[in-house]
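Below: a set of structures, written as structure tokens.
Two complexes, one shared chain (chain A), two partners (chain B, chain C).
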Partner chain A sequence: MNRPGRTLRGLAASRRVVIGASLLVLLFLLAFAGPYLAPWGWEDTDFTAFREPPSTRHWFGTTQSGRDVFALTLRGMQKSLVIGLLVAVLSTALAALVGMVAGYLGGWPDRLLMWGVDLLLVLPAFLVVAVLAPSLGGGWPLLVLLLAAFLWMITARVVRAMTISLREREYVLAARFGGASTPWIIRRHILPHLASLLIVDAGLNVSVAIMAESGLSYFGFGVQPPDISLGTLIADGHGTATAYPWLSGFAAGLLVLTVLAVNLLGDGLRDLLDPTLEKGTP
Partner chain B sequence: MTVLEVRDLRVTYPRGVRAVRGVDLSVGRGEVLGIVGESGSGKSALALATLGLLPPGTRVEGSVRLRGRELLGRSDAELSRVRGKDLAMVFQDPLSALTPVHPVGDQIAETIRVHAGATRPAARARAVELLELVGIPDAARRARAYPHEFSGGMRQRVMIAMAIANDPVAIVCDEPTTALDVTIQAQVLEVLRTAKEATGAAIVLITHDLGVVAGFADRVMVMYAGRAVETGPVAEVYARPRMPYTIGLLQSLPRIEPDAPRPVPIDGAGGISTGGFPATGCPFAPRCPVAVSRCADTEPPPVPVGTPAHTAACVNLDATGDPARVFPAPAPPPAPPVVPRHERPAVLEVEGLVRHHPLYRGTVLRRRNGTVRAVDGVSFDVRAGETLGLVGESGCGKTTALMEILRLTRPQRGTVRLFGRDTAALTAAERKALRRDVQVVFQDPFASLDPRMRVAEILAEPLLVHGVPRARIDARVRELLALVGLDPAHAARHPHGLSGGQRQRVGIARALALEPRLLLLDEPVASLDVSVQAGIMALLEELRARLGLAYLFVAHDLAVVRLLADRVAVMYRGRIVEIGPVADVYGAPVHPYTRALLDAVPRPDPHRERRRRPAPLPGDPPDPSEQPRGCRFRARCPSYAASADAAWRTLCETDEPRPRPVPEGTGRLVACHHPEGGRP
Partner chain C sequence: MAGFLLRRLVNYAVLVVLAASLSYLLAASALKPRANLEDRNPRPPAAVVDAELNRLNLNDRTPLAERYRVWAAGVLRGDFGRTLQGEPVNDELWRRLWVSVRLLTFGTVLGCVLGVLLGAYAAVRRDRPSDRIITAGSYLLLSTPIFVLAVLLQIGAQKVNDTTGLQVFEWVGETAPGSSEGTFGPLGGLGDRLRHLLLPTAAVALAQLALYSRYQRGMMLDVLNADFVRTARAKGLRHRDALLRHGLRTALIPMTTYFAYTFGLLLLGGMFLEEIFGWHGMGEWLVESIIRGDVNAVAAVNCCAAAAVLLAGLVSDVLYGVLDPRVRTSGTTWTARTGRS
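Up next, the complex of A and B:
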């Protein structure tokens, strides 16, 4: 590709990264600093206001039992964001580990690991999580583990394919014939080349995880009371959404914004880190 | 009569890369013009501009006339009517020029129908005739085959058949034989010669191989930095080059003759990748040993030297009267070791080494479908301080053999002993320790250096791996850079900031980091321009003498092997067919394959090349998954083909020849039943 096309694409990509990242920072600030500004705590009850629409006293209105929707929404968002981040980091790390080990070692470790990947891929993930999450009773940390366990397989395959091609590169051979050990080569020569893929993947996994968590919680299989998340909030307000839109509308809006921000960031990063756009390719 | 005439052609790629900066050329009927120059000199851009095939956004100025009619500025539709009829082309990669989904016969017939308006059956018949002309065996049947079913050499024949289908008046060939083995190159050049005689077309032959030009072209044009710096009749230019770059190019060639002078490197590297050329004056000035202050004033125009047809672009022609005095003479080769061979210890002994790859078919149910016998019983040894060259056509198993040795584990069959120790018996710790003594240099210096690491990190890596204290590493990196002739400042660069030759020096420095005693080199100069090659070869020779290294040197360029190696092993289909001292093997090859291989190398000597017309070795490089009975070279063996003696032939058909000393007691082994040659 010639220079002008390259820079144009690069420019558009970096704009997406900046917008996505700033939006995400704002959302995080809102979720974690917002509660300090809010007049009401999420567990407080205002016995003078039941199911009030938004006002200067209760910015997002109140629930049927007189709790402040703003405080509740931020509380739910905190949980959703934490779950999304943890799931993304865990699943991407697992994908990288399995993919690199399988791809680099080949032979029976490869066959064994890929058999595991195929097995997990054919399991109906949503159903399994829906059944296991509430019945095991481990609360939201268990939910994080379960979600992560079903998100890593596709990436692991991509990582494995890239590792196989990297393994045959002459500089990897040179390191190996120089006496470098497998962990050394993975750390120094394989991982750095996969970094862009993994960063982008982790970014996209955040939004997938948040969506999945919300979906599960919406149906009551995810985050269990007394914990709340965006999903449980939307579920609670769902039945009365037309009459009392503030009960779930703000939560839904913030959910959409979060996913949008994460996707913008991930997409932009992918284009920016695309190896064909790297400098040094003449 | 001039049929193709280019005047003041200038090609500017987007971003202002000026690939061609004012080139004139003319080719007459039946004439061959060779264009040579290093990579990035604008040869391909010139060819593409002539054909009107440059990517959009490229600016082309000047004039290209075919039989007096201007081609520049015509519409695409008009140009494609000219291309394929009057103006034909042959490229380096025929796969990109043939459509994969149609049989080759149909593709040739199609161009005949489009351009000559022939009927379908007539066009088909003509296509088969053409395929016969270019030497496709069983042409009527092969016409129905698809491009991917042909080997590289056969595909290039098909391309030539297509090029001459409509009796073109000019054919432009861009590196038509570069990707091919010497034996196949000789075949394709022979076909191109036939094509020229059949059509009488003018041919523009772009290549970087001065040997090919010497044997094939009538005139030669040398390009440097987008300009023609010397043009003239081939014999004249080769005998009396006047422009310093041409002189350097001819002197930097490794030559195969035993008494040939040693190649002289041209210092520095041209090209846009290394900071570009000076904005004014002679672009060759930074590398020119006879540059004077006038050279920086204006770009020298071509002026006649000697005969009127011979021009050179240089302002200091006084200094180039005697070509031998332009470049400083290379240092004399280091003295050979004084200890006789049999008294030196063996550093590497390989015996009966085998590496077979299973071949699978199907994706769901993988079934074993055969075996690729990449290395099929190879034995040789390398002694301290000596170089063994390993040569053979592509796919004969050279690199596989090297990789098997480097794994330092038990091979599928046979034994590998390094410094007297069997690799099959090593523990993990011993193996790692042994790696310090055996190192490797790869062919492609770009692929063999991690693009994300700086030179200093690349050189430090083996030291870190082997636990050299950090305090010593910096000093050792500086030492290594100096050892391979690099600047200390290069340590901070990434590989893409270095030229090809500099990168290969980094690759060599990395291999030397742990002070090995044996270096395995896989085509270390094959991807470099000749002018840079000579420098790397000199470095390798110097290092060997200074550090007392032993080399196992894989190459397909027989001239390079003659210069660097003490002994040579010729491989065919996973076996060594002849091994012995270089001077003996090159001087009097015994095995028919060695003879054919040496014969096929084009020499950069027009007089000699014109007189010599070796019969090219028939057939393709073999498919290593087949396992014939008897001698594996039989299908292509000229001695076997020429022999009429039934008993003589039966031996070749039934028994695989074992290596045996020929002549007795010279340390030379040949695997052929009939080393005395064919019996009529």
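Up next, the complex of A and C:
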């Protein structure tokens, strides 16, 4: 591949990053600053407007019980974004920790950790989360922990494989023979090499987590009332979506936009940061 | 090859047993069938509830290990026990399994084939408008949860029905009652079934297509500039033939891996479609059973799902072996290839 083609492709990737990032910033602004602009709070009830279509008074219309859909949607979006971010950070951190420790130490810690990974991969994730999330009564923080617990295994394997190859590099050996401690070597010599992989993984996990949360909430296994998320809003409106599309349409649209923004950002970053991708397509 | 497949089969069998046991233990310890029986109207006396729970092997006062032993012994005989209503789980399981198969088969096949073709086409036309459109479309589809996609299809279908004034599309259930007794007889019934299949099939196909076209485009790009495709061109093969015979075929090999990997996603998507389109399949049953606390039904559905996913893994191994002779000696599998185990 000639240089211009490569830089063009790099340009396309960075354009995706810019579009995704700016879209995401806008969505965050909408979710967290939007409620201050709205005339109605998410708990307010307007007894003069039941199931009204969008108007200047209620920007996204009202629900059957007279609640403002704009305020509800933003409230749900806040929760979905927070859950998505927390799950992604937690699961990627766990993947990095387990993968690096297993790969660097080898031997029985490696076997033990990888056995745990295999076990979690075999567990029916949907069943575990669906059964445990509502019955343990921990609310949405528990849901975050459960979702994070099922998203880290494959990344951990990739991290482990990369760590094993990094372990044999000269500078790592030099540090080890120089008497550096294991945590220090992992922090200073292994982690920096994995940073791009982990950033991209965390980014893509955000979209997976948001989708998983809304899917679970759709069946009533995710976020429980009085909390609301984009998933619960879509589920509430789904039976009447053809007749009263505003009840869930805005929530669905914002969900798609959020996931799209995260995917663009994550994929673009991967193409920018991953040098091997260009090697595959010379 | 046979030895390799046998090894995989044993490995998968162990995993299925493990997954099934874990789901039973989880369901049996976390779900509350007792609450369901006690809430019946009129409220039955405690002794009756206990007797009924004992009969169904659902009593939470029996030690978990004992209940597991009874359940596992039953499963070994091919009997998944009884539902909370006292019906055999097996009958319901078979009925619902076929509903799910009918719901998903067409869409899956269509989605795979179209996705591979679109992805390959996009790779060949790299950076041209057609590639851009396909890529943008697949991005948008990948970002759309299947329950949003299904509702969008329903809204679109409603619009078509309204403007044409005909019931072109149907989206509730598998078939309308009495459709076989019309002027066309059983043929009308078949037509009605197909009409009910249109929207769910479109939803499955679109979701699968988006995934497969992304994968296939990436694979194909890797292969297009490979030496063997250039050699094929150099020895005089037409561009098209070189791409199809050497490029596409090689790029298909890794796709067998993704087939196994995305199969679990497909089953999960099927749950939403059954709920939205009102098909009484396995996914709907699982959700209902979790809510009701029907331990045996939940365990049976999960057993089937685990078996189906690992069967897909086995199919993927076979296809991989057929397409790529190297695998027969090295023994790599889809699980090793995707980093699963």
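Things to note:
The criterion applied here is as follows: the second predicted complex is superposed on the first by the 271 of 282 C-alpha atoms of A that agree within 3 Å, B and C clash if a C-alpha of one lies under 4 Å from a C-alpha of the other, contacts with A are read in each partner's own complex, and residues count from 1 in each chain.
In the analysis below, contacts are C-beta pairs under 8 Å (C-beta built on N, C-alpha and C of every residue); 3 or more make two chains touch, one makes a residue touch a chain.
Everything numeric in this text was worked out from a predicted model, so none of it was measured.
Aligning the two structures on chain A places chain B and chain C next to each other without any clash. In the superposition on chain A, A:225 makes contact with neither chain B nor chain C. When the two structures are aligned on the shared chain, A:174 is found in touch with chain B, with no touch to chain C. Rounded in steps of 10, the angle chain B-chain A-chain C defined by Cα centres in the superposition reads 90°. Touch criterion met: A:193 reaches chain B, while chain C stays clear of it. Between chain B and chain C, it is C that contacts the larger number of residues in chain A.
By the touch criterion defined above, A:131 reaches chain C but does not reach chain B.
In the superposition on chain A, contact of A:183 is made with neither chain B nor chain C.
For the overlaid pair of complexes, the smallest distance between C-alpha atoms of chain B and those of chain C rounds to 7 Å.
Looking at chain A, you'll find residues 280-282 touch chain B in one structure and chain C in the other.
By the touch rule above, chain B contacts chain A in their complex via residues 14-15, 57, 273, 403, 406, 432, 435-436, 438-440, 442-444, 447-452, 461-462, 465-466, 494, 496-497, 507, 510-511, 513-514. On chain A, the positions that touch chain B within their shared complex are 2-4, 169-171, 173-175, 177-181, 184, 188-189, 192-193, 280-282. Chain C contributes residues 15, 18-19, 22-23, 26-27, 30-32, 127, 139-140, 142-145, 147-148, 151-152, 154-155, 158, 221-222, 224-225, 268, 271-272, 275-276, 286-287, 290-291, 298, 302, 305-306, 338-341 to its touches with chain A in the complex. Within the complex formed with chain C, the chain A residues making contact are 1, 8, 114, 117-119, 121-124, 126-128, 130-132, 135, 154, 157-158, 161, 207, 211, 214-215, 218-221, 234, 238, 241-242, 245, 248, 252, 255-257, 259-260, 263-264, 280-282.
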